[in-house]
Amino acid sequence: MLENLKKQVFEANLELVKQGLVIYTWGNVSGIDREKGYVVIKPSGVSYDEMKAEDMVVVDLEGNIVEGSMNPSSDTPTHLALYKEFSDIGGVVHTHSEWATSWAQAGREIPCYGTTHADYFYGSVPCTRKLTDEEIKGQYELETGNVIIETMKAKQYKPLEMPAIIIFNHGPFSWGKTPKEAVHNAKVLEEVSKMAHRTEAINKDIVSIDKILLDKHYLRKHGANAYYGQKK
Amino acid sequence: MLENLKKQVFEANLELVKQGLVIYTWGNVSGIDREKGYVVIKPSGVSYDEMKAEDMVVVDLEGNIVEGSMNPSSDTPTHLALYKEFSDIGGVVHTHSEWATSWAQAGREIPCYGTTHADYFYGSVPCTRKLTDEEIKGQYELETGNVIIETMKAKQYKPLEMPAIIIFNHGPFSWGKTPKEAVHNAKVLEEVSKMAHRTEAINKDIVSIDKILLDKHYLRKHGANAYYGQKK
Amino acid sequence: MLENLKKQVFEANLELVKQGLVIYTWGNVSGIDREKGYVVIKPSGVSYDEMKAEDMVVVDLEGNIVEGSMNPSSDTPTHLALYKEFSDIGGVVHTHSEWATSWAQAGREIPCYGTTHADYFYGSVPCTRKLTDEEIKGQYELETGNVIIETMKAKQYKPLEMPAIIIFNHGPFSWGKTPKEAVHNAKVLEEVSKMAHRTEAINKDIVSIDKILLDKHYLRKHGANAYYGQKK
Amino acid sequence: MLENLKKQVFEANLELVKQGLVIYTWGNVSGIDREKGYVVIKPSGVSYDEMKAEDMVVVDLEGNIVEGSMNPSSDTPTHLALYKEFSDIGGVVHTHSEWATSWAQAGREIPCYGTTHADYFYGSVPCTRKLTDEEIKGQYELETGNVIIETMKAKQYKPLEMPAIIIFNHGPFSWGKTPKEAVHNAKVLEEVSKMAHRTEAINKDIVSIDKILLDKHYLRKHGANAYYGQKK
């Protein structure tokens, strides 16, 4: 069942390790089959070097296990909330990658200080508010999804134009049209986080780039008139 | 004698190198056989690429060599003090890993700035006081163990809920139910130390996470009602 | 056509990855055949592990494709502007390498704090002004080349004595007598950028080295009386 | 001639690369045969992956080439000055390793902030004064040796108790009883430099460790009553 998607999700999970975004079991990738309404996700707490493609767990959008002998990632309710709300995404990633997590712990959005950032993220990468005591004591992982959605809406960001966010006190989530693209965005977020900190360390008075340069770079790569790369 | 434990301790020592926690001879791992009351530990000043499993030294809890042709690690008295006091630990690790050592040199406890930390350490990772002149001139390595115990007690930490500490002016010790788990905790400590510094660099006014989030993350992974990972 | 130059440019592109200066498609190298007036450059948005030597695109100095089935790098107009103005250069490199880009994002020139810098760059590595709105909305990549040239002239730098620059809000360009040398300079720029930041972090009152030491090191390696290395 | 020493010096040069202390041609190692009064040193400006053991150059203590078809390292006069003055050293290393060089560029001695440092260096690692204009214009590399010696004397350091120094505006030199030990000390200096900066970043009010702890660690490893490691 969903062998191809399982393979994609499995390989995207391994790519997290290869890109230095995850150690031990500190991350997870999922992918969705929109037609069937099923999500494939990494099992919880399983180490990357023991994991196989067939260990991926299939759940429906309510979190019921459809196939698989292991528990799905404990972050599954967060993934599901994002798939339900962001109808055009196909993959979701969560990591504790060191630089994005440091920004998340610091509780600050990541300003757009250069064209590397603008090539992927159409504005500052947002940081959620803290979860309330009730949210933490309640359905914590679901509420994490909810606060992501709340933040994206407040910022008026479209999911594919801002394919990443950081959770205050926690770490990053990213997404994309496919699991692979979600991992790609997780890596870019990490690089951008690292350079943003260093930019501030080198010049404490620096401000975000101008809107016109943000538009230029984001749109030369992603807009209707994009001219970066090869014709598809 | 204790071939299985020797193998575990040997492999845990090599894992320190693989995880980037140790260069040259700058670290050591031990493990205990609680039934026999014997501790297996790395020999002193022997380089990791020449070391073999049979080079591990067996000592009793008073530090007498039971088996082995080499001197045990010069830090053996510290390890023994911890095994005597913390009856539920099975492995101890000492390293000079770069980030945890930098915090140790700075003489500050490592605040809990995020859920990565909360998943493993149930509060701030403590930093000992400086050793007194008498302690340094006396049984220095034993006194290092004593000041660890004194600090853990003053903080009212249970050893397996706070499986790491940093020694002022020196570096980290960690422990766990097994030598392998002690190494795992040494790696997590290093990651958490690195991100704690960066968190402060990104936001100098940041404070520790709230107790309710600390509880949520520590207990979803370690408490009686833990739901992270697979059923054991 | 230009098989040898294609091979050089291809290998120089791979060297960017090997030296840790580029991830994904975040960089490009070109080389020029001065006699023919043709430039060989990486295709746009093609990943390094799929790329072959024969994928390199040949363009004339006006940017017309002379040979090749793919689009050349979107930064081609910048490369061409540099080849037209700096008649003694043979290779050009653009990257988003993490430290040089952080300085570019910070909008500061990179001071010469030591002999490592002085061995390669005959003064501070300059940072361009921001591009104007008109330049961004117009022929952006060409204007990027123009602002490099404007900055080099204002500083009275000879291209081979200052073989690198950083673009405000963007990242570094470097060049050299060959594509290989241009990559070498990109790597040195990255090392020098990293150490310059750390130098300031260790001593906030530090100033650039004296002119006499800059001359000594630059000229012992590059001047008419150079005595570093082997006789050629 | 001196085949064994050539092999040692060659391997020590490669170890610099392996330990991440050198890129390109940015470093050199030498060794001395005290009986013959000859020094073996890396040729100037030759890259590490092309170099062979037989390329090592043999010079006498006045710098005359005794054997070898290539120019010796341009830093040879510095090495020779150290061998003449420090009669108990057998190997000398120069690098531009990133952290030690950053301290050198910052013009600050490296304080002893912990036992890692105290295990190898018996006090702060000194930083020379700037060279004068006359020294730079004159026999620059010889004067670099002279200012090292002047600094060591002023600090009353014995060469084997303080086997490293940093040259203001330039970078580190280290030494030891053998070329291999000199490289080991270069690596330790790099680690210690990195942790010293981070220590200050984590706690700006931190001060050097007490003399009694410095003595304890240095002497448990190096003194007449050393008890670290195995009996030799």
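First chain written, first letter: the chains are A, B, C and D, and each begins at residue 1.
Everything below uses one rule, namely that a contact is a pair of C-beta atoms (placed from the backbone, for glycine too) under 8 Å apart; a residue touches a chain by one contact, two chains touch by 3 or more.
Just so it is clear, the structure is predicted and the values come from calculations on it, not from any experiment.
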Self-contact between copies chain A and chain B, residue sets same or different by half: different
Most remote chain, CA-based centroid, reference being chain C: B
Centroid spacing, where centroids are CA-atom means, of chain B and chain C in whole angstrom: 47
Euclidean distance of C-alpha centroids - chain C vs chain D, Å: 33
For chain C, residues that touch 2 or more chains besides their own: 200-201
Chain contact topology (line, ring, star, complete or other): ring
Full enumeration of touching chain pairs: A-B, A-C, B-D, C-D
Chain D residues within the chain B interface of the complex: 113-116, 184, 187-188, 191, 194-196, 198-203, 206, 209-210, 212-213, 216, 220, 227-231
Contacting residues of chain A [partner chain B, same complex]: 23-26, 43-46, 70-71, 74, 96, 98-99, 101-108, 130-131, 133, 136-137, 140, 169-171, 197, 200-201
